[in-house]
Amino acid sequence: MSPHPNFMGAPSSTGHFGDFGGRFVPEALMPACLELEAAFIDAWADPVFVDEYRTVLQEFGGRPTPVTYLGRFSKKFGVEVFAKREDLAHTGSHKINNVVGQTLLTRRMGKSRVIAETGAGQHGVATATAAARLGLDCTVYMGELDTQRQALNVFRMELLGSTVVPVTSGSRTLKDAVNEAMREWVACVDDTHYCLGSVMGPHPFPWMVREFQSIIGHEAAQQLTQRGVGVPDMVVACVGGGSNAAGIFAGFANTTTRLVGVEAEGGAAVSHGSPGVLHGMKSMLIQSEHGQIEEAHSISAGLDYPGIGPEHAYLAAAGRAEYVGIGDEDVLVALQTLSELEGIIPALESAHAVAWIMQEAGRSIPRGSTVLLNMSGRGDKDVAQVRDILRGRQ
Amino acid sequence: MSPHPNFMGAPSSTGHFGDFGGRFVPEALMPACLELEAAFIDAWADPVFVDEYRTVLQEFGGRPTPVTYLGRFSKKFGVEVFAKREDLAHTGSHKINNVVGQTLLTRRMGKSRVIAETGAGQHGVATATAAARLGLDCTVYMGELDTQRQALNVFRMELLGSTVVPVTSGSRTLKDAVNEAMREWVACVDDTHYCLGSVMGPHPFPWMVREFQSIIGHEAAQQLTQRGVGVPDMVVACVGGGSNAAGIFAGFANTTTRLVGVEAEGGAAVSHGSPGVLHGMKSMLIQSEHGQIEEAHSISAGLDYPGIGPEHAYLAAAGRAEYVGIGDEDVLVALQTLSELEGIIPALESAHAVAWIMQEAGRSIPRGSTVLLNMSGRGDKDVAQVRDILRGRQ
Amino acid sequence: MKSLEVHLRALRDTGRTALVPYFMAGVTPDWTQHVAAAVLGGADAVEIGVPFSDPMMDGVVIQEAAQRALSAGTTIDTICSELTGTSLGAPLIAMTYYNLFHHYGLRRAAGRLAASGIVGAIVPDLTLEESDEWRSVCDESDIATIFLVAPSTTTERFERLARTTQGFCYASTRMAVTGRAIGEGDATRVVESVRRTSDVPVYVGIGITTPDQAVQAAQHADGVIVGSALVDTILNGASPADTESFVRSFRRALDE
Amino acid sequence: MKSLEVHLRALRDTGRTALVPYFMAGVTPDWTQHVAAAVLGGADAVEIGVPFSDPMMDGVVIQEAAQRALSAGTTIDTICSELTGTSLGAPLIAMTYYNLFHHYGLRRAAGRLAASGIVGAIVPDLTLEESDEWRSVCDESDIATIFLVAPSTTTERFERLARTTQGFCYASTRMAVTGRAIGEGDATRVVESVRRTSDVPVYVGIGITTPDQAVQAAQHADGVIVGSALVDTILNGASPADTESFVRSFRRALDE
């Protein structure tokens, strides 16, 4: 038996992780949440479903993704860093793991349509991709500002046969897209599944998305064992909603490995936030003194979220994982450093985790430690933005 | 013993595949070509080298890439299509296989620097990537016109620590970049390896690059066997220089499988060209009545090459493989069709192969045939261009 | 039984269909005068929207009103201050999202609302399952917690919600957010489902924009709630007098 | 032995350093007059560049000249027509890339060149190993095939190249393409390596732009080739008279 409490198991029957989680949705959506919970529990216990989920991720999604030893980076910073390469998964990030699971579940529930929210467009593109493969209708809600900033991703989703709806309310960014997707879900819950993009929202989403992402951590644990590295001293992942972090943490939650989630400084829900209720969940949120939700600010659209998944809020409160913030400047340097030393251009999101390792190597990360870094996505989507920022400075 | 002649073995000692191939380079480069040939033969026979090449491709490059059954596409066109997913390899195309091999060989030869030519930038980015990983200096020659058309890829290479040199001679595109890289190689052949991007150039490049790419075909053959599909009726790949096609053909050359290389109609060296000598090799070329090399024209930068690898010229002459042309319009339709039906946005290059299958299914591809399609790369790099073309028409 | 429910049951016993307009607090400087005008025009109770940055259950009209109110600096405190001491002549019911109360402190929030004369609260994202703590602090302050039911609500949930709601049961007869409902809805089924378990008053809301629709809804229900249609006129510059006549047009139709 | 070699050996025996300027055929309408002027200025043989679209061995100057010539419609046939019947007073050596001859047909090309008075050919991308067929058709037409050697050439290759080349051996003393060489080069070693095997005349080329450099090179070699520097003046508008004096400046320096 493990000497540690059993972290990252199922939440309580009402979807709580400690004080966090639960369901805070309009009554109109409660039946859908309950139906989804039942369907997920049933499917996840069904070897046929699990096998299909795994097979699709393998034959379509590109799993297992490799673990790459970052030799030159490790040498330079005096720690042994291994990267779990979600950037090599289909559509360029870990998002595919979740959407493959949810779209298969959608079909299993007899629904023919999915809706999704998206910020930068990664989850939207992933959902459109998985929906195309199964022939599901797909509508993606995206803040109007984001549709302008990420026009190419809008076109990508359209190429994949999806409809993209610009959301004009609020700050016209991700959190408003979530609100709008929830509103729409109320109107079409009969035939439509809401394919949420991270470990957030009402129960069972935080749990279900973590389960669909936990393949990252389980694979990595096995790969490191096979490589003779064993359990790493530390696992580091960036955190927006927290799905890639939850996915990789899940492989190590019940070891003594130090777990570190790296938030964007301008959206650091754990460090700078306080408990609150948003988007169906109780968690840590960035909010004003009056409880109004504030906009997050980050160079990386995927971390531009004022909340965090409730299980992370719990892991922080329970002391099992740490959450730290990294600012935009350090992220830019980290992206350039990793590109030059290792030939891997990380997503701006993932570069937060890289930056934290660069900052802490030899400090809170003792020299020689083994560190597993989740390379949650590839930087191709960010290259134009990074170029414009760097050129703007010359 | 196979009843077929032994295709895709080693070329003659002078690097000939039938009437094609050989070495047509300035005397100044001959020693380098000979040195490279010896080094490659030595390395490729050395299990330590082969193992390192395979390990790097696995742990860094994302191999094996999966084979995906294209269910909805197959149903719609009445043939059973499987896609070999080179789009999931690191940097987004099969190009990584070759550059990993060549950069490891560079280090083994004791050289500290690579140069490369690139058209759209795919091979340049791949070379910059592999060079970064090994800490090799890297300079990439790119037609000035292409540096403008593919400015983001220029920045990508720079991010990876490479120098990009715009080539202002000739048509200022790929073929001029090759000329310029050859010229530069003359001046720095002592410490520099020329990392050629396709199965072209002087011996041993066409053979060596094919060997480094043949991992595609060998993997695919094994995967189809494991999946119970066995040897497919047909293998289809797009052809620019011909490296992805050579790589996948290599797994099936000595079976009865029909091999089809799909060229861009505006650069169809086999169908519209004639024998000639360019870039160090004798092969089929698009040339004027006076033997001047003509510019190729294709919607896909990666197929914008007036020649073809000499082994393809030989396979065509020997009747072992067929080469067909596909026009830009059909390519655009194919890209959209595959995206919508399967959630895979193919590179414009790869979409040529898709388009040919769509055109011939039920005609020269009998209904129910099993077809292995090489998805040589992902379409992300092409999405802006496709959008602009489609929008321009509305 | 909470005072609000005592009052609304008594109202029902008079045979009068309850008319409950919705106002966004702070949307205009004179919003309390609109509330007063609505009571003059025949409102039986008034919903006071407390603006929230992320109104998940609301359509564009109420979103817009909330943004205006927030820009004007509206908070629970400013609203309660403005209400305290005024007597508007009808029960006031706060409507907002759970985070505001959670952040303010549940007990403190309930106390503050009660002290400014508010007697009920509708919190559309507070599910029955998560409501224990809020309901218990409301018990201390005599604030009624009003739950919604929807066409998607299951039999078992209808029972629990009808038994738990206080004051009235808010029957959303269409699957839509405020201001967006189209079509007929399913008033009969939803309202009857509540009645099967409980004799709490049932008010229909979401999507009632004309006096005719109100009359239609009143055939099955004990009251009607008019939200976005009214807020829309205020966003477009309606005066308190306009509000009074707007409400009166509904009152007349219901009383005919 | 090919006529060209007989001629050039005889020239060497006179003790005179051969001077071989390079012209791009067709670069200007009066290009043949430049050739004639060069002979007047003291050229012992002339290289006639046949323009190719992809001149892998040439730097920017010759690339530019080739493009101009191609734009003007220059082909093997136009060049040969312009040369046929004119007597320029010095041996002419074609210099181009193999594809042009390959495409024209090797035997036909060699015949056409010979018929227009050309007696040698330099094909920098035709390696020794690939040259059998070309050399055999040249034998039929008395065209000398001139091979290059370079600083990177290995001992074994020096031997084979020196034995095979006809007319002279073209010693590129620097690792560079035309018009781009900088620095001193390695003339002694390259030239001596050839001499060790063969007594064919050895001419140094690539990177000779001034009379001084020519003199320097002539210390080791039997002749010097001047290419880009001359082509550059023509691209910049030099007249045949300018060409004559340009060549004469080299001639004088070599003869001193």
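First chain written, first letter: the chains are A, B, C and D, and each begins at residue 1.
By our rule, contacts are C-beta pairs under 8 Å (C-beta built on N, C-alpha and C of every residue); 3 or more make two chains touch, one makes a residue touch a chain.
It should be emphasised that the depicted structure is a prediction, and the values quoted were computed from it without experimental measurement.
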Exercise. What shortest step count links chain A and chain C in the network of chain contacts?
Worked result: 1
Seminar exercise, completed: When centres are defined as mean Cα positions, the distance from chain A to chain B in whole Å is 35
Seminar exercise, completed: Here the gap between chain A and chain D, centre to centre from mean Cα coordinates and rounded to Å, is 67
Exercise. What whole-Å value do you get for the distance between chain C and chain D if each is reduced to the mean of its CA atoms?
Worked result: 97
Exercise. In chain C, which residues are in touch with two or more of the other chains?
Worked result: none
For this session: Using the contact definition from the top, classify how the chains connect: line, ring, star, complete or other.
Result: line
Exercise. Among the chains present, which pairs are found to touch?
Worked result: A-B, A-C, B-D
Exercise. Which residues of chain B touch chain D in the complex?
Worked result: 14, 22-32, 34, 169-170, 175-176, 179, 182-183, 186-190, 274-280, 282, 285, 287, 290-294
Exercise. Okay, in this complex, where on chain B does chain A touch?
Worked result: 58-62, 65-69, 71-72, 85, 88-90, 92, 128-133, 135, 152, 155-156, 159-161, 335-336, 339-345, 380, 383-384, 386-387
Seminar exercise, completed: Within the complex, chain A is touched by chain C residues 52-60, 63, 67, 70, 75-76, 97-100, 102-104, 124-130, 147-154, 157, 161, 172, 175-177, 180
